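The first chain written gets the first letter, and so on, giving A, B and C; residue counts start at 1 in each chain.
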Amino acid sequence: MAGIGFELRKILARDSYTATLRAYVYAGLISSGPWVLSIISVMLIGVLATGIVTPNVLIRQFLVTVTYLMASSLILTGGLQLYFTRFVSDRLFEEKQTSILPNLVGILLLVTLVAGGLGFVLLATLFDQPFAYRLLVLANFVTLCDLWLVIIFLSGMKAYNRILVVMTLGYAIMIAAAFMLRFLGMNGLLMALLLGHAALLFMFLYDIIREYPADRLVAFDFLDRKQIFLSLLVTGLFYNLGIWVDKFVFWFNPLTSDAVIGPLRASILYDLPIFLAYLAIIPGMAVFLVRIETDFAEWYERVFNAVRGGETLQHISQLKEQMILAIRQGLLEICKVQGLTLVLVFLLAPQLLAWLGMSHYYLPLFYIDVVGVSIQVVFMALLNVFFYLDRRDTVLMLCTLFLGLNLALTLLSIELGPSFFGYGFTVSLACCVLLGLHRLDRVLDDLEYDTFMLRH
Amino acid sequence: MNSKWLFSGAFAFEASSWALLFANLPVAAAALAFVTAHAAGSALLAGGVWLLLPRRYQRPLPWSPLFLFALAFFIPLVGAAGVIAAVFPALYLPRKRREIAWEARSVPNLPFRPLERREEMLFSDGGLQDVLRHAPSTDKRLTALFATRRMPGRDAIPILKLALRDPADDVRLLAYSMLDQQESQINQRIETQLGELASTPAERQPALHGTLARGYWELAYLGLAQGSVLRHVLGQAREHIELALAGEENEELRILAGRIALEQGEPERALEFFQAAEAAGVPLAQLAPFRAEIAFLRRDYAVIPALLDSLPADLKKRPPFAALVKYWL
Amino acid sequence: MKDAPAATVTPDVCLLLEGTWPYVRGGVSSWVNQLILGLPELTFSVFFIGGQRENYEKRHYAIPPNVVHIEEHFLAGSWVPKGAPISPRRQAPVQLLRDLHAFLHHPDEPSAAQGDALVDAFAQGSVTLDDFMYSRASWEAITEGYERYCTDPSFVDYLWTLRAMQAPLLMLAEAARRLPRPRMIHSISTGYAGMLGAILQRRWGCNFLLSEHGIYTKERKIDLAQAKWIAEGPDEALRTGLDVDVSYIRRLWIRFFERIGLLTYKAADPIISLYDGNRRRQIQDGADPARCRVIPNGISLTQWQDALERRPEGVPPVVGLLGRVVPIKDVKTFIRAMRGVISAMPEAEAWVVGPEDEDEEYAAECHSLVTSLGLEGKVKFLGFQKIGDILPKLGLMVLTSISEAQPLVILEGWAAGVPVVSSDVGSCRELIEGSIPEDRALGTGGSVVAIADPQATARAILALLRNPGRWQAAQRTGLARVNRYYTEPLMLERYRELYQDAIGRSL
C-alpha cells in the first residue's frame, strides 16, 4: 500500500480544498472500491432481476451464491494476499522488478489450480444443481480468487485514473450484462457476474503484465521464503475467517437460517443488515487510508531515516513523538468521521430500511452492526500501524483473538436470544481494538529500545 | 502444428462445449462431455498462444503453457477470451517506464541542534609552531597537529616536519602519517596521470603534461621533496612543462615554467619564460614578485622597487610582501 | 577452535596472545616462538585472540610439542546480533551494567575500587554478553551515558561503538570460564589479552605476568588518529584552530583502551618491558614502578657465528634494509636516502630484503619510486631470503622504520658483524648508543638519525661506508654489546626465573 501514500501526498501537497477532496475520494475508492462496488453491483443486479427473473426465490439464491463466493474466495486467498504483498514490497525494495511478474503468474497459477480443483471437488460432491449452475459457480470462484490477488498491485502501480476507469468499466459491464441476460434466469445472472469480474481480472492483468516486464513467465520464488513469513499466511487466514465466522455461525444454526440452494444456507434476519452496514464504512476507510498512508507513513519514514542516518537520540525521540501524534490524530479522525457517519445512519436508518423494503424489525440489528463495522475500521487501522512497525506477532495475536472471540461470542449471543444478535461481532471487535491500543502504547514506548537493541 | 490450426481447433472445441452447456443433458454426461471438450479446447488454445509468445515468456516449461491452460480451463466460458484478448497482447506490449521529471518538495527543516561555538580557544592559529616547540604536554602538541588538518598544505607542512623531531613517539608518528597521507595523494595522482599518458590522443597530451608538471611542482612547492629527491622532482616537472609548452601556448604554463626554472637555480631561463608571458599579455602585477626575485639574484637592485610597487595594494600590506615593501620602498 | 590433545595435565603457563603467534609473521611472534622452544621443560597453553577469522588463515609457525592446548577466539563476531529479535531472558543486573559503563566510558577518572569491582564482575560472570546486548537495563545505561556525556550527534554510531568495545570483553570473559586452569598466566600485551589476563588472575588467583613489546595503548592511539572508518560529523569539518577536538568516538576508543590497560597494570606482577623508554611509558600509564622491570630481547649467537666468519675483508658497498615491505618500515625514506648515497657513491647498492605480499599496494609504490628516482638496478628487491646468507654481503644495515620496539634484526646484524644506521624510534637509540653507563662506554654500533629524513640518513650511511676506521669501531662495539647484554640464553634464563618464581608463589 506504500505506493498510494506517495500519490496521496502528491495530491495533498497542492494544499487546496479541491485537492484534499480529491485525495479523500481516491482513497475511498481505492480502499473500499472492490468490496463496496461488489456489494452495490450485486444489489443492483438483484434489483434489476426483480420482476424479470421469477420466481423471486431465484434472486435470493443468486444473492446467497454470490455471498458464499465472496466469503470462500476471500478466506482462501486472504493469507496469500498478505504474504504476497510483503513479497512484492520486498522485491521492489531490492529493485528486483523483473521478478515480480513471474512470481505473480506463479501464484496465480497455483491459486487457479488449487481453487479450480477444490471448487470442482466441492461442487461435484456437495451440490446437485444443474451442470450450468455449477460450472458458472466454479468459473466465478476461480475468477474471484485470482482477482483478489491481482488487486494487491493496484496501489503499487500509480495509475489511479486508469484503475478507477477499469473498476467502473468492470462493474458497468456486470450491470449491463445482468440487464441483458436476466431473461436467462439464474444462469444469466451468474453469467453477468462472471463477465464483470472476469473483465476486471483480465483488464488488470493486461495492465500489470505491461507494467512489469520480465525475462520469464513463471517463477516460484515466493515458495521458498524463510519461516518467519509463514505467520503472514496464518494471519491473513485468521483475519478473513474472523470477519466471516459470525455469519457462518448464523448460517449453519438451524434456528436462525434456512437452506437456500444446495448446501448453501443463509440467515434472512442476519445477512441483510450487516451487508447494508458495510456500506457505511466508506468514509472511515477513506480517512484511514489518507491519514495512515500519508501522515503516519511520513513520520514513520522520518523516524527510521533518523535512526539509520545517525541522528541524536533526542531528535529521534522527538520525531517519534510526532509519529505518535500522527497515529493518535489519525485514529481520532477515523473515529470522528465514522462517528458522524454512525449518527447520520442512525438518524436515517428507519427511512432507509423503509425505502429498501425491509421491515423495521431489522433496525436494532442494523444499529449494532453499523457500530461493529465502524469499530472494524479502527481495527484495520491499528493492524496497519502494527504492520508498518513490523510487529507480525502482535497482528497474528490480535487476529487469532478476533477469530476466537467472534466465534465464541456469536455462539453465546445465539444462546442469549435475538436481542443479543450482532453483539458477538461488535463486542469481539471492541475487545480486540482495546487490546490493540494497549499493545500499541507499549510498543511505541519501547520503540527506540526495540529498534536499536533488538532488531536488525 | 502451426498456430492457425491450433486456434481453429480450439475454437471448434470451445464452441462445442458452449453448445453442450445449453443442451440440457443429464449432469454426469454433460459434465464429462463438457470437461473433455473444454479441456481439449483450452489445451489447443494454450498451445497456440504459447507458440506465438515472445521467446522469453515461453520459459520456463512446463509452467508457461500450463498457466495459459489453467486460466482458460478453470475459468470456463470466458477464460479463453481473456487469455487471447488481454494476456497475450500484454505480453507483447511492455510499457515504457515513465520518468518522473520533477517532484514537489516542501521546505526541509532546520537541523536539530545548532552548531555550538566553543568559547575557550586555547591558542590562535598562528601559534602552532610555538605550541609544538614549547608545550610540555604531549596532548597539546598532538592537538596542534590535528589543527593543521584544516590548514592549507603550504602552511601545514613545515609544522608537520617540525613535529617529526618531537621527543614524544606519538607526536612523531602522527606527524609522519599526516605527511605521508598528503604525499601519497599527490603521488597517486601523478601515477594515474602517467598511466593515462600512453592512451591519451595527441591533441590532449600537452594538457596532461601540464597537469603532471603541476603535480611534480606541488611536491616541490609544499616542501614534501627535499635534497636529491627535490632535484629529481624539479627535473621531472621541467621535462613535462617543456613538453606541454611545445604542444600548446599557454601563459599559465609559462609562468609555471618560470617558477620551476627559478627553483632550479636558473634565473636566466626563468626570465625568458616570464618575458614571454608578459609579451603574451599577462599583467605585470602577477609577474612582479618573480621578476623581483630574479633581479635580486642577478644583483640588478635598481629595478626592484618599481616591480614591487606594481603589486596590488592589499597584497603589499600582507606577509610575505609587507616586510619586503617596507624595506625596498 | 581447540587443538592438540585435551589437556589432562595442568599447563604451566597460559599464554594470552593477541594478533600474533602462530598466525602473524613478525617480531613478536618470533619472540613467542623463541620463548616456547627455548623453555622445553615447561608446558604451555595458548589462548589466541584475533579480529576477524578470515584474516587468520595460515599458521606461519609450527606448534611445538610443549604446547598442550591451543584455542582461538575471534572478536569480530561478538557484537553481531543473531537473526530474529531476541527477548532477554532474565533480569539483567542494572547497577553492574551502569558501573561497567561508568568505568569504561565516562570521562571521570574511576577509582581503584571501581576497577576491582569490575574485574570481579567479569571473573564471576555476573554480567553476560546477552545482558549487555539485549537487556533493557543495558539500554538504560547506554542512553544515560549518551545523554550526559556524548557530544557526538550520531546515536547509532555511539551504540555500535560501545558494542564493538564491550561485547568482545564479555565474550572473552565467558570463553575464559571454559579454559583449563594453568599454573600461571602470561600476556604479551595489554589490550584485550591483558584484560583477559586480569580477569583470569582474579578468577583463579594465580600469578599474572605481563611483558609488553610495543605499548598497545600508544599504537592504538596512532591507529585511531588515522582511522578513516570513524565518521566525522559535519560540525567538525567547520572547526578550526586549536579548539579542534578529537572526535568523541575516537576519544571513547582511546579512553577504553587506557582504562583496560590500567586494569591490566594493576593486576600484573611483574610487568616487563624491552627497554627503559617503554618502562617509563608504562609507569606514566599507571603501572606501579616497583613491579616494572626491563628484560630486553636476545638472539642466539651461535646461529650468526658462521655469517660473521664468512665476511670478506673490507667494507662491501652494499646497504641492506631487512624487513617486510610495509609502510611502518618506511622503505620509501630508505629509497630516497639511497638516491643521495648513490649520487655521491655510484658503486653503492641497496638491497630491500623482505616479503612484499603483506601490503602489495605499498610495495608497488616503492617499486615505482625506485623507477622514478632513476635507481633501477641499484636498488634491488630480493624478497624473502635467509638472513644468514645476506648479512655477510652487507656493508651496512639500515632501519628507517617509523615505529619499532626492539628490533631483533639490529642484534642479528651486529652478531654477523654489520653496523646499523637506524631511525630514532623505540629502543633503537638505546641499542645503538647504549643504555646504562657501562653499555654506553662501549661506543656506538652505528648511527641514529631522525625519522623520515632521507638526507640525514644518506649522510650517516656515507659517513660509515667511506670511513673504514669508524666502520670497524662500530662493528666491534656491536659485537661486544650483543654478546654482553642481548643473548638468547640470557633472556631465556631471566624468563625461566620469572616463571619458576610465579609458579612457585602460586602453589
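One rule holds in what follows: a contact is a pair of C-beta atoms (placed from the backbone, for glycine too) under 8 Å apart; a residue touches a chain by one contact, two chains touch by 3 or more.
All values reported here derive from a predicted model rather than from experimental measurement.
Peer 1: If you tally the C-beta contacts, which comes out ahead, B-C or A-C?
Peer 2: B-C
Peer 1: Look at all chain centres (mean of CA atoms) and spot the one farthest from the centre of chain A.
Peer 2: The chain farthest from chain A, judged by C-alpha centres, is C.
Peer 1: By C-alpha centroids, what is the most central chain here?
Peer 2: Closest chain centre to the overall C-alpha centroid: B.
Peer 1: Counting in whole Å, what is the centre-to-centre distance of chain A and chain B, each centre being its mean C-alpha position?
Peer 2: The answer is 50 Å.
Peer 1: How big is the gap, in whole Å, between where the Cα atoms of chain B centre and where those of chain C centre?
Peer 2: 38
Peer 1: How many angstrom between the C-alpha centroids of chain C and chain A?
Peer 2: 66
Peer 1: Among the residues of chain C, which are close enough to touch at least two other chains?
Peer 2: In chain C, 153 touch at least two other chains.
Peer 1: Multi-chain contacts in chain A: which residues touch at least two other chains?
Peer 2: Those would be 311-312, 314.
Peer 1: Where does chain B touch two or more other chains at once, residue-wise?
Peer 2: Answer for chain B, listing residues that touch two or more other chains: 112-113.
Peer 1: In the complex, go through chain B and note every residue touching chain C.
Peer 2: 112-113, 115-116, 118, 120-125, 128, 131, 142-144, 146-147, 149-150, 164-165, 169-170, 172-174, 176-177, 179-181, 184, 187, 191, 226-229, 232, 236
Peer 1: So in the complex, which bits of chain B are touching chain A?
Peer 2: Residues of chain B touching chain A: 21-22, 25, 27, 30-31, 34, 53, 56-60, 63-64, 66-67, 70-71, 73-79, 82, 85-87, 89-91, 93-95, 104, 106, 112-113.
Peer 1: Hey, which residues of chain A end up touching chain C in the complex?
Peer 2: 228, 307-308, 310-314, 316, 448-450, 452-456
Peer 1: State the interface residues of chain C toward chain B in the complex, per the touch definition above.
Peer 2: Residues of chain C touching chain B: 153, 218, 221-222, 225-226, 235, 238-244, 246, 327, 330, 336, 339-340, 343, 365, 368, 372-374, 402-403, 425-426, 450-455, 458.
Peer 1: For chain A, which residues are in contact with chain B within the complex?
Peer 2: On the chain A side, the touching residues are 10, 13-14, 105-106, 108-109, 112-113, 115-116, 124, 128, 130-132, 135-136, 138-139, 142-143, 146, 191, 194-195, 198, 201-203, 205-211, 213-220, 311-312, 314-315, 318.
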